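This is the structure, below, for whatever I ask next.
Chain lettering (A, B, C and D) follows the sequence in which the chains are written, and residue indices restart at 1 in each chain.
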Amino acid sequence: MSSKIKTKRERVKFASDNVVGACPEVLEAIILANDGIASPYGNDEWTKNLQNKFSDIFEKEVIVYPTASGTAANALALSALTPVFGNIYCHKLSHINTDECGAPEFYTGGAKLVTLNGVNGKITPEELSENMGGVGIVHHTQPSVVSITQLCETGETYQLDEISAIAKIAHKYNLKMHMDGARFANALVSLGVTPAEMTWKSGIDVLSFGATKNGCIAAEAIIFFKPELVGNLPFLMKRSGHLLSKMRFVSAQLDAYISNDVWLRNAKHANQMGKKLSEGLDLNSKIELAYPTQANEVFAKFPRPVIEHLNSEGYKMNEEELDGKAVRLVAAWNTQDSDVDQLLQTISEVK
Amino acid sequence: MSSKIKTKRERVKFASDNVVGACPEVLEAIILANDGIASPYGNDEWTKNLQNKFSDIFEKEVIVYPTASGTAANALALSALTPVFGNIYCHKLSHINTDECGAPEFYTGGAKLVTLNGVNGKITPEELSENMGGVGIVHHTQPSVVSITQLCETGETYQLDEISAIAKIAHKYNLKMHMDGARFANALVSLGVTPAEMTWKSGIDVLSFGATKNGCIAAEAIIFFKPELVGNLPFLMKRSGHLLSKMRFVSAQLDAYISNDVWLRNAKHANQMGKKLSEGLDLNSKIELAYPTQANEVFAKFPRPVIEHLNSEGYKMNEEELDGKAVRLVAAWNTQDSDVDQLLQTISEVK
Amino acid sequence: MSSKIKTKRERVKFASDNVVGACPEVLEAIILANDGIASPYGNDEWTKNLQNKFSDIFEKEVIVYPTASGTAANALALSALTPVFGNIYCHKLSHINTDECGAPEFYTGGAKLVTLNGVNGKITPEELSENMGGVGIVHHTQPSVVSITQLCETGETYQLDEISAIAKIAHKYNLKMHMDGARFANALVSLGVTPAEMTWKSGIDVLSFGATKNGCIAAEAIIFFKPELVGNLPFLMKRSGHLLSKMRFVSAQLDAYISNDVWLRNAKHANQMGKKLSEGLDLNSKIELAYPTQANEVFAKFPRPVIEHLNSEGYKMNEEELDGKAVRLVAAWNTQDSDVDQLLQTISEVK
Amino acid sequence: MSSKIKTKRERVKFASDNVVGACPEVLEAIILANDGIASPYGNDEWTKNLQNKFSDIFEKEVIVYPTASGTAANALALSALTPVFGNIYCHKLSHINTDECGAPEFYTGGAKLVTLNGVNGKITPEELSENMGGVGIVHHTQPSVVSITQLCETGETYQLDEISAIAKIAHKYNLKMHMDGARFANALVSLGVTPAEMTWKSGIDVLSFGATKNGCIAAEAIIFFKPELVGNLPFLMKRSGHLLSKMRFVSAQLDAYISNDVWLRNAKHANQMGKKLSEGLDLNSKIELAYPTQANEVFAKFPRPVIEHLNSEGYKMNEEELDGKAVRLVAAWNTQDSDVDQLLQTISEVK
């Protein structure tokens, strides 16, 4: 790669937290895992050890399936929780509804995503409750799963009592609770709670545990808090092509990621950079924050000249299709103070 | 990882060529790719460069989609080539039929794998021709694709004229030709032909180009030799969860793999080790080769005491469900002469 | 069937227009069709003749596929119009979204129903337009079809210019226009327009032409106004089990239904009875009409005592899950003046 | 229909038993069912009564779902019995494999039909047994169902002990036994056994009970002999569009069909005509029977001049794609002695 290319690549900084590479600990784990021989398809020692490691972290015996993709983690998890004629309740802005090209529908064999308007990026127990209906009547798709995103799509966090209140409705109607935790660590350190508290203690049944965005190369995990929900997942995973033969390399990433607080440290840093950026933008009278910044994602309404100037300077602005067309800026595990300063400086250049 | 674990891991050697790690060039490429920022979802420079690199290798402008899994490459490729009510003709022993837990059926929305008996591991134009029928009649699933495996499931290679003869029948009936090239390089160096000759010049329309087994960590490529066949593949890939956000790491592997003859060198070595093993076994009067060894896979009928002795010594014998229950032994890009010697020695210990 | 059973059966009158039998002309056609021998699977003379008959009625050469079920007609039609990752835009109350247990998702292989709030039961071009987005971007399901219901789910009719305005947006974005015409005839006579005007002249591409509710036993038709949209429909129909072997009996129903103005006469009568019922209810100060009555469906808000009294008198009130929980009453082709009088009388008994 | 058309229609006689109409008892039942009002979607009295009637006939409490199509009955039944990654074992000539355009794959979400060669048209316990494998291993589709056709596709009947022997293997490996009984009655009277003996007493778990071919217009039934196997069938049926709104008309056909021995009388007659035809052909030295005639289907190898003469005389010869290209001739419930005589006479005209 020439330096010219590298410069070009730099420009997408802040577009998302998936534009950066892996943190040193994760890269080192891959290098170490490369030595020697291992049984394929997840029958290796790394994958086996993950069961215990994650059980420790979640203070409960969990069942873990590593995958290389977050969309796969979500779609596979959902496919274990719903019949083909099931309803999956989710926020209208949720990643599973808007950014996975129909993966949940594909994997579940045609389940229906029932979209809720929510308040900002979060669904409410009231709206969920109003949409429960038709149970047992063959004409209607059947309420089966609720999926919430933590950190949610507007960068906000669900509070523990909000999760519990939603889960209470879900479980009252015998639905399962899924959490899309693509930015699980960012939400966790934002709330300052334990992994157990943010999941099964609040009623979550299955978690898509994200790691790629926060320091890995390609590593996510489907985590079941109730073994009876696993069902046919291993078969569904294989037939979707997500049971990698050299799975040890995914598991080694996860192993390093959740060891020695790497994941928490990465997330804390990203959140701090998000906060710094948010506060900097808030000082600019031309700019309005679209949602409160609670972790590493910042949504702000930029005047058109700001967007154009940023794009001309090499930033690639990711205009989300949210109410009011806010721009999304995401800090990553390795975002530098100087990166934020430079961005704020560039914005301030617009008169 | 303790040394105890490592020793245990060594024991699965020869079980498959997916039990080993990546070759140094590929690992180095991952480390280099980790530096800096890149657009996600395949919009990075590595992925873009692959189009040219593969076009050079195949002496034709090709369209390339990198994936992390061979099952995904096969299933996605097939899903671009058949309607939901299509017939996919394949050998009864083919990986897509026996080892992918129904991935082709899943991805194609229910297409039918029509299994042919073939001669040894290879299908014949005659049997294929006999199974063409029902075209245009709504009662019958419609002939749509022929899929052959090169290197095939018995370790044999299709000769160029054999591929051409099958493709001629396929194209006569307007079917598409798919090649599952999980061990593409091993077959290629065995035949001593060019990539172009073994594919589109012999009538192949779409190739699953395997790299994981021959020196990568998780890297395959779907290669279209006819742009008009790509269809909706990008959407199908995304909705299957196989469009990795940090795709640069898959593409970087492929880039290193096909650069500087790494892939050919790896395959040549594996084939040599396969040949050495095959010849060694052939000298043992208790052992009968099940199929001619043409690359890095050796199929042999072992007496039960041999199998038991090998397993007691830590080898994990992979008894394939083939006619006559042959054992499969696979040499990899890093199999050592001493590994083969030791295996032969262990076998010879059985009286 | 004893008279006791028959009495019981009477009680569901007004619950829907599918509780009644076939009109004499249709029953006679079945009896006549039973004589002699006919090629199976739609290769009979009745089915072949339908092509011409419907082409005459629609003043355009159409392609017709008879089916025995409206859900099948809708789902099959949609499956011909959308890729597996497509968006189908429809009203949130639409039958395809709420009353077919996910049939569209099943038949299309997982397409997404994007629900619009509409105004009353009808979608608007503005809301549709706002929801067009993500075209060509692999992360997003792709806008593919708009489906409207005529007569719509609140009993209202789309005016011709309303259909045209929606179709204009749809076609601007290269979407296809589908009409669920389960009560096509009722809407048609309500508007007093021609079949051509209410369909292809207003931009409809494919129609589910309903006949079961308005005088048939089990007969619907998928009608393509553009031959190039038929695609693989015949195969999709066969593999869904909807290509009946003795298809002549479905086609004979349709033939009789569209001959000699039977369908229009039936619909006119049903609409008159609907109007009579609506006007009678409107005179009752305790009752509020939920939507304007434009054909044979009446939606009204009944006080709880009215519902209870009606149910105690043998009426089975079908409380729709609409805003405000209106009750639906449907007049059929054979509803009698005395039926309406008796219902109004029963209601008036509640003090 | 002009007399010219009627004459033409006569010519397909013997092509199949689905070219004829309904018997008088069934037609009368439809006419009677047309009177009055009935709850839709199978909540009518006819459908409810079927449960008892079929339970009487099968000497066991069964659960019955009427459908209008045999392909639907098969595909729905299978979809209740297999996971999406299941194996359905069937004869390579079976209707579900060759004549339903992939309906089983569609309805099951991608299950695999594993085809067995069988002996003539019947599968054997030995071959079935040899194909059991891979249980619990995620790489392999999982053995789930065995489906046999009675009367089978070569016109032969499975003997009771043959069914039992297959079921024994199936149940040993925890598979479910399905019977495609499109010509159930013909097989039953051929064997001279009871419905119970030919089904659950021999190990059948679920039956597709055919009635269309033997005297109905469009009526089949899915019959579960074990209530715990029903699973989600009602939902699967609705979302496939096979829950007809005016279901009473299907159930009324079945009711009349299984009352007063109508079905057995029809089948006996058809079998007698089959026998007469078979014996007549056997006397012709130019003609060789392809399979023993055991019910109403006759398979014979006709010299090319015979086929051409028959076609020129208006018979439409249905050349099945069986070994040796036998012609299939099928007698129906209303085939006349004179029909058979005329056919034999026409054949004898060929010198």
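As a convention for this text, a contact is a pair of C-beta atoms (placed from the backbone, for glycine too) under 8 Å apart; a residue touches a chain by one contact, two chains touch by 3 or more.
In this text, all values refer to a predicted model and were calculated from it rather than measured experimentally.
Engineer: With contacts defined as at the top, give the pair, A-D or B-D, that has more of them.
Structural biologist: B-D
Engineer: Same or different interface residues for subunit B and subunit C, judged by whether over half of the residue numbers are used by both?
Structural biologist: same
Engineer: Which chain has its C-alpha centroid at the greatest distance from the C-alpha centroid of subunit B?
Structural biologist: Chain centre farthest from subunit B's centre: C.
Engineer: Just how far, in Å, is the C-alpha centre of subunit B from the one of subunit A?
Structural biologist: 33
Engineer: In angstrom, rounded to a whole number, how far apart do the mean CA points of subunit A and subunit D lie?
Structural biologist: 51
Engineer: Report, in whole Å, the distance between the mean C-alpha point of subunit B and the mean C-alpha point of subunit D.
Structural biologist: Whole-Å distance between the two chain centres: 42.
Engineer: Specify, in ascending order, the residues of subunit C that touch 2 or more different other chains.
Structural biologist: Subunit C, residues with two or more chain partners: 84-85, 100-102, 105-106, 109-110, 138-139, 235, 238-239, 243.
Engineer: For subunit C, which residues count as touching subunit B in their complex?
Structural biologist: On the subunit C side, the touching residues are 41, 83-85, 109-110, 138-139, 142, 232, 234-239, 243.
Engineer: Where on subunit C is subunit D touching in the complex?
Structural biologist: Residue positions touching the partner: 1, 5-6, 8-13, 15-16, 18-22, 27, 30-40, 44-45, 67-76, 100-103, 105-107, 212-213, 217-218, 235, 238-246, 249-250, 316.
Engineer: If we count contacts the way the header does, which residues on subunit C are in touch with subunit A in the complex?
Structural biologist: 84-85, 98-102, 105-106, 108-113, 115, 133-134, 138-141, 321
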